[in-house]
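Heads up, there are several structures right after this.
Look at the two complexes coming up: chain A is in both, with chain B in one and chain C in the other.
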Partner chain A sequence: MTEAATPDVKSTRFRAVDGALIAMMILPILALIVLKVLFTPAADGVQIAGAMIYAEFEAPVMPVIITESQINTWAVMISILGLCLYLTHGLTAKAVCRRQLIAEWIVEKCQGLVNSNMGDYFSAWAPFIAAIMALSAFSSLICLFGLFSPTGDVNVTFGWALLVFFLIMYYKFRGGLWNYFIGLFKPIPVFAPMNLIGEFSTPISMAFRHYGNVLSGAVISALIGSALSGLSKSLLGWLPGFLGDIPFLRIGLPAVLSIYFDVFSGVMQAFIFAMLTMLNVSGAVPWEEWAARREKRKKLKEKLSKSAA
Partner chain B sequence: MLELAMGIMLGLLGLGAGCAMIAGIGPGIGEGNAVAKACEAIGRQPECKSDVTSTMIMGCAIAETTGLYGLIVAILLIFVAPGSFTGILKEAIK
Partner chain C sequence: MQNLSVISVNIWNVLISLVNLLILTWIVKKFLFKPVMKIINTRREAIDADYAQAKAAREQAEENRLNYEAAMSAARQTSDQIIAEATRTAEYRSNEIVAAARDKATDIRRQAEADAELERKKAEDDMKHEIADVSARLTGKLLEREINEEDHRALIDSFLNDLD
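Our next item is the complex of A and B:
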């Protein structure tokens, strides 16, 4: 591969593409805020609700519902795509731009994490794990803009967990269907129902863990917010004019608490979801049975080719 | 009659949600144990601090799951159950 030509960082074209990519990062979030402001009905008191339904279409089997969580997930995906394109814009061997260092750091960290947790056989999985982690973390973090976190909707996290469940099943079947079936009856046949439940509890526990953590953070934030606005109404309601209507106590204090409930919890859950994906998938491969099966097939092939010749 | 039944139902749902959150005790004790042991381990071998910390946080997150199941049951009882139970109650009283 020949070395790419060094891009002219100061040229107008480079800057224009940069600006477009930054707009791609920021505009979806702004659009979401506008959408939320337009669609949310004005209400007083504690507001704890699930995802808003934006549109509903008739379909043959069941109505197709466009909810807030779908729209927010797509906006977050576009935003992450913009971020990735921005970080990798102008990549060279010599690293002209500072952002290349950030991109390299992210890639190295992800590769190292996957290699140390899944082994060398799965080293091609780094992009998938990084994608899951980024989507999950950014989906949880958009509640900092006052938007609904898609991960606070059980359907979203359950979808991801189902994806992971199918991957686990695929790798478990690698050792042969019969071997998998026999494995359910180990160590003694009485354990079969429990083993079966254990298989299906993996996606449920993964989905509910992520959803429960994000949702509990959101509920506590809403409760604190409404409590503080009520307190400031009773304490500072004597102020003249519109000053009395502004909930002054609500400024600042919820932000301190959201460092734990939103930022730490959201990023932590993203990391844990990715970690559990890695451990479950890499732990699902029956290495010995798989090797034995491959050996058997090889012998069968040789036999067939000999008999054909 | 309907009002009385409704009041009893809502009160019992609230009580049930409160009882469901007793599930928070278990993970609290378990995570406390885990963190205590991790502190001991770091005190004994300060050089493996990062490994111990990441493993501990992993374990804490998994231990938290049972508490979260209780939380989800409580949330369902508060936000979802009244809506569906009210219909059943009206049908039954008619």
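Our next item is the complex of A and C:
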């Protein structure tokens, strides 16, 4: 397939595929809402708890617990897959669909961000950074539907931070294990414990920063919500019949606060997480040691091939 | 349904989320970046091809212009040469004609001179004749005797010839 033929944008088939892809984006979120409605127990007062547990399996070390975070993450992933497929559906060199411009904008922005922050050597990491941003932002944003944000679960953000930590370590070890070990004792050997803690604090701080921001937003939202219903009950409780039970004061203010705590904070944290990933990973490469090591290896290889000859 | 406590670390959940991110990276790469990059590259190649074509066309035009100019200057040179040639030929021819005319004139003059000379000689001869005749008749009359006219003429001729 050298060049895809220009798709007939108005054909029934094209539209049917579009519809299926849009359904792929929306249905997982709808399913989550249904699931949430079905399984949430009726509760009074402020309830601040972690993710709801859906299933539990026996496993070595710890039981595998399938909670809301996992289910929601998977749903978000399916939605993102649908979004990707939708945006790239009907791509042509002449850009027939408007969505192609969006897709190209996203790709070029991510590529530009990665190239400018990590350098051209890391340009292949653009999809990874895009995935981090998308997963983090959409995971945070599904709380707009009243769903549990997977990013409000420390396990989720810690998993991502752990992956970033592995990447950092992978690039740090490029300079050689011994060089890395020596580096821990710089500038003076007394710093060794602090340096060691510093290594491990990176993923932990990243995980907790993200998790804490999202969870605190959710907690504040819940607190304000319950406070406003309490206030509503005491001020407007005299209204006749069921009108007295409706928390009128909860209309409006929580939505305004949600723009900051859910939308702004969620997107911001996604960006910060991606930014920290880029800076930490690209800053981890010991270029000089790595070059010296490559040089050494090359010489060794030449020597070996000479002695073999 | 139970809830997880707000902070609780479960290794499996951490691993699941790690793998989720890897899978999503793969998804984003395979279904968003690759197709879009392919399209962008296709477009860039098309644009590059267009540019190359335009450049080739411009070069061709430039070459044509140079060729045309060269041909024009060559033609001008040739025409100059032809004119010079023609001028030279005409000059030569005119010289030739003038020379021929002069020759002819000289010839005519010489002819005329010769004719005049001949005429003069003839007249001279005639006059000699006349004189001879007259003197013969005169002598005959004087002598009153018939002498041989032929002898007489010869005598006078020799006399006249002695005069010359």
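One rule holds for everything that comes next: the second predicted complex is superposed on the first by the 303 of 309 C-alpha atoms of A that agree within 3 Å, B and C clash if a C-alpha of one lies under 4 Å from a C-alpha of the other, contacts with A are read in each partner's own complex, and residues count from 1 in each chain.
Just so we're on the same page, a residue touches a chain if its C-beta (ideal position, glycine included) is under 8 Å from a C-beta of that chain, and two chains touch if they have at least 3 such contacts.
Please read these numbers as outputs of a predicted model, since none were measured by experiment.
Undergrad: State whether A:80 touches chain B only (first), chain C only (second), both chains, or neither.
TA: So A:80 only meets chain C here.
Undergrad: Classify the contacts of A:155 with the two partner chains as first (chain B alone), second (chain C alone), both, or neither.
TA: second
Undergrad: Does chain A have more residues touched by chain B or by chain C?
TA: After superposition, C is the partner touching more of chain A.
Undergrad: For A:117, select first, second, both or neither according to whether it touches chain B, chain C, the two together, or no partner.
TA: neither
Undergrad: Contact-wise, after the overlay, does A:205 reach chain B, chain C, both or neither (first, second, both, neither)?
TA: first
Undergrad: Give one of first, second, both or neither to describe whether A:275 is in contact with chain B, with chain C, with both, or with none.
TA: first
Undergrad: Tell me the contact category for A:215 with respect to chain B and chain C: first, second, both or neither.
TA: In the superposition, A:215 contacts both chain B and chain C.
Undergrad: Should A:130 be classified as contacting the first partner (chain B), the second (chain C), both, or neither?
TA: Once the two structures are laid over each other on A, A:130 reaches chain C alone.
Undergrad: Return the residues of chain A at which the contacts from chain B and from chain C coincide.
TA: On chain A, the residues that contact chain B in one structure and chain C in the other are 48, 215.
Undergrad: In their complex, what parts of chain B are in touch with chain A?
TA: 57-58, 61-62, 64-65, 68-69, 71-72, 75, 79
Undergrad: Of all residues in chain C, which touch chain A in the complex?
TA: Touching chain A from chain C are residues 1-25, 27-29, 31-33, 35-37, 39-40, 42-43, 46.
Undergrad: Which of the residues in chain A end up touching chain B in this complex?
TA: 48, 205, 208-209, 211-213, 215-216, 219, 268-269, 272, 275
Undergrad: Can you tell me which positions in chain A touch chain C when the two form their complex?
TA: Going through chain A, the ones touching chain C are 3, 39-41, 48-54, 59, 61-65, 67, 69-70, 73-74, 77, 80-81, 84-85, 87-88, 91-94, 100, 103-104, 106-108, 126-128, 130-132, 134-135, 150, 153-160, 162-163, 215.
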